[in-house]
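The structures considered in this document are given below.
Presented sequentially are two complexes of chain A, the first with chain B as partner and the second with chain C.
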Partner chain A sequence: METVTLTIKNQPGLYLEADTITPDAFAGKKAEEIAGLPVYVGRDEHKLGEFFEISGKAGATAAETKIVVKGDLSRVKYIGMKMTAGEIVVDGNADMYVGAWMQGGKITVNGNVDAFAGTGMKGGELIIKGNAGNYLGAAYRGDWRGMSGGKITVAGNAGSDLGTFMTGGEIVVGGDVDVHVATHAEGGKIVIKGNAKSRLGGQMVEGEIYVFGNIDVMMPGFAYREDVDIEVDGTKGRFALYEGDLGERHRKRKGQTIYAKLYQQIRA
Partner chain B sequence: MTKTVTDVICPFCGTLCDDLEVVVSDDGKKLLEVYNACAIGAEKFLHSQAKDRITRPRMRQDDGSWKEITYDEAIEYTAKMLADAKKPLMYGWSSTNCEAQATGSELGEIVGAVMDNTATVCHGTSLIAVQDIGIPSCTLGEVKNRADRIVFWGCNPAHAHPRHMSRYSIFPRGFFTGKGHTGRKVIVVDPRPTDTASVADVHLQVEQGRDYELLNAFRVAFKGEKLPDVVAGIPKEKIYEAAETLKSGRFVIIFFGMGVTQSLGKNHNIDEAIAVTRDLNEYTKAAIMPMRGHYNVTGSGQVWGWLFGFPYAVDLSRGFARYNPGETTSNDLLRRDEVDAVFVLGSDPGAHFPFSSVKKIYDLPSVAIDPHETPTTEVCKVHVPVAFVGVEIGGCAYRMDNVPIETRKVVEPPEGMMTDEEFLGRVLARVKEIKGV
Partner chain C sequence: MAEYLIKNGFVFDPVLGIKGDAADIAIKDGKIVETTALSSPKVIDATGKTVMAGGVDVHSHVAGPKVNVGRNFRPEDKLFGYKARSGIERMQGGFSVPTTIRTGYNYARMGYTTVMEAAMPPLYARHTHEEMRDTPILDQGAYPVFGNNWFVLEYLKNHEIENTAAYIAWLLKATKGYAVKVVNPGGTEAWAWGLNCENVHDPVPYFDITPAQIIKGLIEANEYLGLPHSMHMHANNLGNPGNYTTTLDSFKLSEGIKPNSKFGRDQVMHHTHVQFHSYGGDSWANVESKAKEIMAYVNSHDNLTIDMGQVTLDETTTMTADGPFEHHLTELNHLKWANVDVELETGSGVVPYVYSPGIKVCAIQWAIGLELALLANDPMRVFMTTDHPNAGPFIRYPRIMKWLMSQEARDQQFDAFKHKDKVIDATNLAGIDRELSLYEIAQMTRAGPAKALGLAHMYGGLAPGLEADVAIYDFNPNEPCAPDAIETAFGNAEHLFKAGVQVIRDHEIASNGNKRTLWVNAKVNENPQVMRDVKEKFLRYYTVTFNNYEVTGHYLPNPYVIEVDATQ
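After this line comes the complex of A and B, so read on.
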């Protein structure tokens, strides 16, 4: 695997839209060619090389390309957007849309990301060592098909609207989350190791939510069923199982209504 | 001698009353009296006659004072500001006609602006919900003639849309509603005992910020499932009872306002309210309608809908329309320093935006187009006064139920004053010259 290193040298006046920072766009290119890829500030088109010091070279294909991005990237959007293979390591904080619509490969962010990370994600792995903003792994506006595959891991906290319209894949949050988790979800799995606030599983059709900590307010549409002993993400424990959203539509299998499941750990 | 103009449209709120009578002087230059309007609507007409009205553009000087400039100078400043900016914000558009909105959209497209309207701090969240799950709605005429179950959720028309209740929702006698208010059941959901709540049959005093849970509880109740003893501060018996009241109606209408669109959950509250409406249609006929504020905010959503495909927060900076509230909405753009110039027309962000956003407007090159002196004109570099739409110039406006109504000119504007549309047309022509297109 070949490595390309980007180090930010000029901060954009406004925000940099850099959807070309992907192994797919870099594949088969030398540093000079990568420097010529287009990026945008407002309505002006610029070249990637105007903002980044670029060294190394890309592999022949996306899968053989690793990109390391260094510096303060809190004004850079769309890193790893729509990537299909390869690897990106972001050494610092990144702005919106990290790994949005990604289909494969791996992104590691050694910092925080702003909103809309992993929007409409289809596959691959997104690891955030810091905190994530709102709309992590959510659907794009108006789309009823949200995250459908892949895995997102956040070491810190996540914001509101986590996994909206999720249909598959997995999100693991190490810390706390804000309101609205798995709204409208029709599949997938969300694990929250810290505390949750309210509106978990609102309008949820199918899928699973696991909460290790507290839930401030439970949705009235979730009903307690039973206590179960299960293992979640390497942790064994006793969980209270709730089913819902009772107000929402649900399909039936062999005459049984299939509900979304919400598990909350019971602590002695 | 005076003359009376009848069937005048009121350009204040989204109710767009169409039965006003205005008395003007014989030469059509002075507006003397307004009949049938609410206090706010009447004031809007009468304010056009204010003695201290500003009739020429002004530019802020270094010492903070205003200097009068010509319309030509204002056009030059605005055109240069928009042409120089990498990503200008063009905000407002709700208190003007659709013709001006269309001209403004052409301008926005050429300069690569972000076009946003007042829905961004109002019913924009409703539009997100509509996009997510659709909306079963109707016209206010249907409400008047058919509705016998009226719900006001998080809105207070007694003060915000003063004639709404008498013209459409509670009191009028319609074709199938001959008994007027005695044939209707009114439910108000509001954390506060408002004046609207005081005329309701049922007031559900929901706990602040728990509307989503209460709406969800209604859906659970419709399906006959079990509820917790208390939801959002309301005992379950009251919820079951209110759910039955709604199911037993012939036509249910849910009106909702800022109390749900801009409190915790925002679009999700509306999403769930639309789902409640959808569920009700399994038992009876039900519809839902946002209580739109500015008289033509609905129109700006319509204009952009047909021009760009999105009703607000449209980012045209890259030459094609993008839309993502949370990123392309005015306050997020201002908060994050994503824009480098601000153009405001037909709205008052100075009064409605958070102070931190207003400060950002103050720091940027900025122009405000407004007939009035407002908190926004106070923070902008240039203020361009224009003729009052619906008073001194006609044009199309959309009522809150998406019915287009042609507003009327009843009086002449002060000599030499431009309209929104004329000013935008001149700026557009100048920008085309600068850019050579």
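After this line comes the complex of A and C, so read on.
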């Protein structure tokens, strides 16, 4: 695997929209060619090389390409958008849409990400060592097709509207989350190791939510069913199982109605 | 103005009766002229290329509040679809509900120059005109909706044709409208009561009138006025299995009525998007094509024209003044739904829809639309549409041409269906080997719709005296080609003239044109009763005042008024 290193040298006046920072766009290119890839500031097109010092070279294919992005990237959007293979390491904080619509490969962010990370994600792995913003693994504005595959892991906290319209894949949050979890979801699995606030599973059709800590307010559309002993992401424990959203439509399998499931750990 | 001579192209023109012979077309002062009338023209060599009049779309939802609801509530329709401004081209965005700018350019790229907005809620006519004003190149008009309007329901309950006609004349003038549109007659009003009208004899709550009375009355009022276009109809029971009987019942209401129009049309009813109205069976499990039955009726009745409403197998945005139908649709596909009630006049709904080749019903719908066109005896009465964006975006017209002109292309699509055999069993299409000629396509997309609109004196042909709307396509009709070459060529006109202005040059937008808005000014005898009724309804019910209702001059910077005298 070949490595390309990008170090930010000029901060954009507004925000930099850099959906070309992907192993797919870099594959087969030398540093000078990568510097010529287009990026946008507002409506103006620029070249990647105007903002980044670029060294190394890409592999022949996306799968053989690793990208390391260094410096303060808190004004750089769309890193790793739609990537299908390869690896990106972001050494710092990144702005919105990290790994949005990604289909494969791996992104590691050694810092925080802003909103819409993993939007419409289909596959691959997104690891955030810091905190995530709102709309993690959600659908794009207006769309009904949220995260459908892959795995997102956040070491810190996540914001509101986590996993909206999720249909598959997995999100694990090490810390706390804000309001609205898995709204409209029709599949997938969300694990919250810290505390949650309210509106978990609103209009949720199918899928699973696991909460290890407190839930401030439970949705009235979720009903308690039973206590179960399960293992979740390496943690064994007793969980209270709720089913919902009772106000939503649900399909049946072998005569049984399939509900969305919300598990909350019972602590002594 | 510049003169042009388009030399030696293969010309397809139903007005002149030219079926692909090489001919020269001359343009001067915005009109088609005899070649001898030119003095020093710019010459365009069209050798080996196809030349046709500019396309005319009789039914498309491209401007107005419900189109904008679609734009607003579907940001995902614009995702990754923007095109930045470049040269003369302004910024463009959107797929199934494109911006006004993209609408104008994309129609032009297909060689279309006239597009009718198919449903204008009168109260929001100003918005509709603002959007049409911002749509470059195209000549446009809009059809105000009448089929659920309280005035119409009250007058027609007592069969007051003269009063209905006076009201239509007043509303066309107030809204700067072009024709009488009817959507789910009575049903949308019933929807405001949580109900619907599912056949032509289903009474409308409170008003105690039936759809049949509304339909027949509006045809009679339309002919009383002698408007350029006929009554333009979207019948009850759209989109439901077994609805073809409702469609035939609606068609029959036009029987025995003769056209009264100086504008050259022969029909008294245009029924739109008939694909959605040609279903047999009694559930989605056994829905089947009734296109044969529908076309048997259409072929044998000269006072009727129809358009296809062809499903294009895309992800799109459905939008219609048929409010109850959109609720039905959101219950089916569970996608987001917008619903609007327009006071005394109409209503509407909007729902995204994915016509998937993997779903049997979608594939059956696709086949039915094509059957309508392929079973047509007279292509001058059956027009190509997608009911944009309801059955698919208008940018797919060249793809529909491919399907109509090539059995090979249809077979390829059949093979791509997940439930191919079931689709073949439920439809007639696989047994039809007809391949339409470019001449027949020109009838369905140019001369036919222009005539039905009462605009044959302006559009749809290349005869001297007509508007110089001319499309030149990089397509040699005398050489064998793969089906996809049809789609490529007709989606990408090489040159296009609109009223003598070259708006596309070498496949690039070269001018934003001089867009005109057509409306019909029908003069009627003074009718104090109707004017009193109008003023009273504004005082009692409307949220706007009478004086703030009319669409005035600056909404139509370049109007084209068609005068009709119905005083007697």
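Just so we're on the same page, the second predicted complex is superposed on the first by the 268 of 268 C-alpha atoms of A that agree within 3 Å, B and C clash if a C-alpha of one lies under 4 Å from a C-alpha of the other, contacts with A are read in each partner's own complex, and residues count from 1 in each chain.
We adopt the following convention: a residue touches a chain if its C-beta (ideal position, glycine included) is under 8 Å from a C-beta of that chain, and two chains touch if they have at least 3 such contacts.
All values derive from a computational prediction rather than experimental measurement.
Trainee: Based on the superposed arrangement around chain A, label chain B with chain C as either clash or fit.
Mentor: clash
Trainee: Does the superposition put A:Gly13 against chain B (first), chain C (second), both, or neither?
Mentor: first
Trainee: Which partner chains sit in contact with A:Trp144 here, chain B, chain C, both or neither? Use first/second/both/neither.
Mentor: both
Trainee: In the superposed arrangement, does A:Arg43 touch chain B (first), chain C (second), both or neither?
Mentor: Both partners.
Trainee: If you stack the two complexes on chain A, which partner ends up touching A:Val217: first (chain B), second (chain C), both, or neither?
Mentor: After superposing on A, A:Val217 lies in contact with chain B but is clear of chain C.
Trainee: Of chain B and chain C, which one contacts the greater number of residues in chain A?
Mentor: B
Trainee: If the shared chain A is used to align the two complexes, which stretch of chain B, 133-141, 187-195, 205-213 or 259-267, clashes with chain C?
Mentor: Only one listed stretch clashes with chain C, namely 133-141.
Trainee: Mind sorting out which residues of chain A both chain B and chain C touch, each in its own complex?
Mentor: Shared contact residues on chain A: 43, 140-142, 144.
Trainee: In the complex of these two chains, what residues of chain C are touching chain A?
Mentor: Listed in rising order, the residues are 73-77, 79, 84, 334-336, 352.
Trainee: Quick one: which bits of chain B touch chain A in the complex? Just the residue numbers, please.
Mentor: 85-87, 111-112, 128, 131-132, 210, 212-213, 216-220, 222-223, 225-228, 231, 264-265, 268, 271-272, 275, 279, 317-319, 323-327, 336-340
Trainee: Considering only the defined contacts, which chain A positions touch chain B in the complex?
Mentor: Going by the criterion above, the answer is residues 13-15, 17, 40-44, 96, 115-116, 134-135, 140-142, 144, 179-180, 183-184, 198-199, 202-203, 217-221, 223, 245-248.
Trainee: Within the complex, which stretch of chain A touches chain C?
Mentor: 43, 45, 140-144, 249
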